[in-house]
Amino acid sequence: MKLTEKIIEGLLWLSAAITILVTVGIIWVLLSESVAFFSEVSVIEFFTDTEWTPLFDVKRFGILPLLAGTFLTTAIAIAVALPIGLTIAIYLNEYADASFRAVIKPLLEILATIPTVVYGFFALTVVTPFLQQLIPGLAGFNALSAGMVMGIMIIPMISSLSEDAISAVPKSLREAAYGMGATRLQTAFGVMVPAASSGILVSIILAISRAVGETMIVAIAAGQQPRLTLNPLVPVETMTTYIVQVSLGDVPHGSLEYRTIFAVGITLFIFTFALNNISFWIKKKYQEKYD
Amino acid sequence: MSKKKNKLEAIDLNAYYGDFLALKNINVSMEENLVTAFIGPSGCGKSTFLRTLNRMNDYVDGFRVQGQILLDEQDIYRKEVQVDELRKQVGMVFQKPNPFPKTIYENVIYGLKIQGISDKTLLQETAEKTLRQTTLWDEVKDKLHKSALALSGGQQQRLCIARALAISPSVVLMDEPTSALDPISTAKIEELIYELKKNYTIIIVTHNMQQAARVSDHTAFFYMGELVEFAKTKTLFTSPKETRTQNYITGRFG
Amino acid sequence: GPQYSEDADFSLTGSISIDGSSTVYPITEAVAEEYRYHAPNVRTTIGVSGTGGGFKKFSRGEIDISNASRSIKESEAEDARANNISYLQLSVAYDGLTVVVHPRNTWVKDMTAAELKKIWEPEAQGKITRWNQIRPEWPDQELHLYGAGVESGTYDYFTEAIVGKSHSSRGDYTASEDDNVLVQGVSTDPYALGFFGYAYYEENKAKLKAVPINDEDDSNGAGAIMPSLATVKDGTYAPLSRPLFIYVNSTAAQKQHVVDFLQFYFEEVPELTQEVGYIPMPLEKYKQELDKLKAFVAETAKKP
Amino acid sequence: MTNADRNRLKDKAFQFFGIFCTFIGLAVLAVFLIDILIDGIGRIDWEFLNNLPSRRAHRSGIYTAWIGTLWILLLTTIIAFPLGIGAGVYLEEYGKKSRMATILEINIANLAGVPSIIYGLLGLEIFVRLMALGGSLLAGALTLSLLILPIVIVTTREAIKAVPRSIRDGSFALGASKWQTVWYQVLPASFGGILTGVILALSRAVGEAAPLIVIGALAYVPFAPASPMDEFTVLPIQIFNWISRPQAAFTTNAAAAIIVLLVITFILNGIAVYLRHKWQKRIKW
Amino acid sequence: MSKKKNKLEAIDLNAYYGDFLALKNINVSMEENLVTAFIGPSGCGKSTFLRTLNRMNDYVDGFRVQGQILLDEQDIYRKEVQVDELRKQVGMVFQKPNPFPKTIYENVIYGLKIQGISDKTLLQETAEKTLRQTTLWDEVKDKLHKSALALSGGQQQRLCIARALAISPSVVLMDEPTSALDPISTAKIEELIYELKKNYTIIIVTHNMQQAARVSDHTAFFYMGELVEFAKTKTLFTSPKETRTQNYITGRFG
């Protein structure tokens, strides 16, 4: 009896511990390959060179163009998702009645459940042709339409996390504002949003992290040309797209070219890891505040 | 019952949450410059009634009222009434102190600021006046620009009262304003209520019968959505007419 | 379920792994697809790693057949020898590497090989970025380049023929092993210039504009020449005409289903080549290739 | 206009803006779906579902892709389900406040935020190369299992958390051991929630392409996999492949395959929503 | 105080939640086949003490006890004591009815099932017997295999008592067993307690002093973690020795 209990607890512990193994695995895989990479390419070159042509004869290993591509698509996505998502959160929390909310929230969640290849398809076959009619000279692969579509995808992430944050603000604060004759708008922006600001910040950071790591939309619609530019109208390449591109080309194991995807991978990982930890930390802090 | 003017009056009031009838045909009047207490067991509708008096339940899904609430003889549920205007006349203090996570000063002047008043001197004068009224001034005058959340519970509650007074209401509603406080803070607030009734009409919900006895002039006893008995406080506690009232005040239930 | 032809041979089983050139891919894909009806139990997988990628796998013995849009390099051949792998090269079709622009591109009427070199050589990287840098009368607009990825034979061939040194070019262009990506890029970008195998142009003619190329050598046709069946066949489309190959691993050549597949390949390829948009070789040439194959099979069968 | 009027006007204006924003997302979604339906619905027929890939768009089908997708679903469930639930139970019921639990919690939160393509790199090195599974179904399913593990764990924990303390107290007070309490009370009572989470996680796995591309799922696999060691393709990869082809007919194929993929995703989500709803109704604490 | 046997006894008992001393040096004995009531204001430690009696707080992080609890003269906090065995002897009923989300039948036999008993007849007999004991049998005999959650609150609570009795404990602990129930259900449970004390030793926590007066033989008054007074119920309510007890039972605080 006691023994089975112990064994079961051990098994359960093991399944939990596997998650640690996964993290260790990720870090080990990324590190071991990139250590080999950085023994041939200096870290300084990696972060300062302005060109990325590791597969060509004249090899240049500056990740800045990939960072620029990632930054550009992410910035466009957030520029779309943040105002819309936050407005939705406030609207649903402050104005909409419960039945409307109950219908709309799951509908919005659909946006987040659609596979990202599908978004890529839209960006390429619907949004880009449409934008090309408005913006002559817009390339067929471009950061603009990939970023916008990615923005649509992460709207529900911002709206529902922000809504959660606003709902977590004690109801008594809202009542206090109403009780003083504040309008809903005044209540929302004067009291609720400031009180929920850390939660909203968390939602934004997580959305950024999501956009930075997003792969298929940019791989399909943003292009595959590493280019140090902030021009949203031309093809760019993100870190994720580069990994896909090399994976499709099947660069042989063990070569320097092969290791570039791990060097890019670890850079991507560090970015998202930092963002996630910042958000985790902020969240812990504000949760403590309310408990 | 008395000769004062009726400040607030409920006429044939029913209130629903969806299909649930939370208040059943309430008729009662609250007189000017008196303290009226609502007592009754948990869930009997005290808070619901209090909140109909400044339409705080307007945004609660499925909530609706039938009948009338008259403030200075005018129905507050008429179409043309603007709730924000109404709430400037009928202030409210809640069970748990709920200062905004801002400075003490910002808390007090919040109601004025959202009305668009930005005259510094006026704001400062009002702040000082209401903080003095609530006997907080000496305690906070050196930390007006510190966070209100650093105050003790009792101070926070007095701050909330000050905040409500700053917009010069004529009625102040209080929903169990001391139930989250220690005995000393409670005593301070009770004193304050006594002071305030010179200038305001006060309506207070309380769980604590001793408190009702101490601070109120009139008491209304609610039970399961009904107003069972309404009388001068002394009368109600010493010679209740209804057995349900009798049972409640002697602790038979609740 | 999947259908079969009437004379389908269900007794043949096994798998064939093929990888390599994206240029050759459409031909091999077509053959494999037809072969499916013929021998439904043979499982064929075809990857698209580019000619270089394919040879790397081929010389490690990971695949049975490698598609190639250029001949095997000495270094790759050495790798194969080191791994004890012998092989056979078989020609399957001709290709005319095609330079393309967007259909709304009104200014480019033709280009010289020298101009292409100026655009694509390594020294151009980061410098030749506008159309008017090629010819002053062309517009002052950004130049967007699309070309084969470094693992592809097309890349090697193009750099060899245009830049003068195999595997050497600028790196700041949209590079893909998958020619479809390039087609899409050029066909949606008015300031684009790209190159890829003729079949991909042929198949997407409506969305692309091919550029006649002048090699400034009048001995093989004067002036700028358009790639086409005729100009590739007669060799006037120079310097960008080339043969396409498949390479067969000797161990694989001892397996019955592989041999059967290859025989089928050379029976069907003249027709399929044309269907997918490449230029077929003369029929007797195909015969020769088939004979070479048979000889190779017989020879490898003798070895232990 | 008084200040109060102006405030009320702003209030109204924002209300309309809010409605607008709420619906713009949905409108875009509707445009997308309608566009896809117009593009692709006509292409879907028995042949399309049942044909192998082909160079001719109109003869090409998604047989191998959806069989591959089903395999991936099955294997991923077998791998991720017990692991995720085990971990969730451990964290909620056993390791409550230990140091280890804190580390695990932070770790899982982090894993949930790791981009899917990084899981692809992990799978490439560990499963494809180190364990020499190649681009097999098993390698793909293992990779995706790790990817969805954090989601399964988090939803399991939430479901378990929703079981009131009083149920555990009731069980302990009758002399039940910890595991008996978990097995007889907590798991049955939270099963609906757990299942909901698992299905949502699977719907995520069904749509993933990036990690599978990295581990080398092939483009042209003209046969349906028959064992976990076979090479495979899945719907998202087939779609990606077709999208990258310039010919309109393949775009149509992509749209049609997208419809199939969306139907699978929506069915999974629908089941999850239904279960959640049903379970919430059944158990009212 | 009486001549019955001491069933349970606390000796110099201190209990901590982390650093917080929730019970201060408690000494008290509870006699066999009597009802002992614990009263006191909220947070005074009644529940904590009750839960030390069957070690229900074992799983609470940071909780620990010093001193002894004797059950039939044996310390229940000895190393070799198996908590599951202990809990079979000391049953427990909680404030909110907490039936398992299973059928009524499964609820009653749960305690036996986890002991590994699978004899159908035995299970059925026990179920019937305990449901009769708790006067539930007639009300539920036709829906034994329906969900227990469909029962009313009062029925649920009696089911929980039945469930506790099914494993034949000798002591039954009850933590405010009627505070979530209506007056009629409350009366039924009080009757039941009266019946049960013939066979069981019962310890009950209650907020309701009238209830303590009605059902218990002995009453212990706790205040801020201390046992202030322990006496025959009649004595304690009519002539308390301590002023704190006096103040509490006259409603001066709490």
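Lettered A, B, C, D and E in written order, each chain numbered from 1.
Everything that follows uses one rule, which is that a residue touches a chain if its C-beta (ideal position, glycine included) is under 8 Å from a C-beta of that chain, and two chains touch if they have at least 3 such contacts.
Protein identities per chain, from UniProt: A = Phosphate transport system permease protein; B, E = Phosphate ABC transporter ATP-binding protein; D = Phosphate transport system permease protein PstA.
Please read these numbers as outputs of a predicted model, since none were measured by experiment.
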| item | value |
| --- | --- |
| For chain B, the least number of touch steps when starting out from chain A | 1 |
| Pair exhibiting more inter-chain C-beta contacts, C-D or D-E | D-E |
| Cα superposition of chain B on its sequence copy chain E - rotation in ° rounded to nearest 5 | 175 |
| Far-end chain from chain D, centres as C-alpha averages | B |
| Chain of greatest Cα-centre distance to chain A | E |
| Gap in Å, rounded to a whole number, between the CA centres of chain D and chain A | 17 |
| Whole-Å gap between the CA centroids of chain A and chain C | 38 |
| Averaged-CA centre spacing for the pair chain E and chain C, given as whole angstrom | 85 |
| Two or more partner chains touched - positions in chain C | 47-48, 178, 181, 184, 187 |
| Multi-partner residues of chain A (each touching 2 or more other chains) | 124, 183-184, 186, 248, 250 |
| Complex interface listing, chain D residues touching chain B | 3-4, 6-8 |
| Complex contact set, residues of chain D against chain A | 7-8, 10-11, 14-15, 17-19, 21-22, 24-26, 28-29, 31-32, 35-36, 39, 82-87, 89-91, 94-95, 103-104, 106-122, 124-126, 129, 146, 149-150, 153, 177-179, 203-204, 206-210, 213-214, 216, 236, 239-240, 243-244, 251, 254-255, 258, 261-262, 265-266, 269, 273 |
| Footprint of chain D on chain E - complex, ascending | 54, 56, 59, 61, 83-85, 87-88, 91-92, 94, 96, 98-102, 110-111, 113-115, 149, 160, 163-164, 167 |
| In the complex with chain B, residue positions of chain A that touch it | 97-99, 170, 172-173, 175-184, 186, 190-191, 194-195 |
| Chain D-touching residues of chain C, taken from the complex the two chains share | 1-2, 26, 29-30, 32-33, 36, 43-48, 178, 180-181, 183-184, 187, 203-204, 207, 276 |
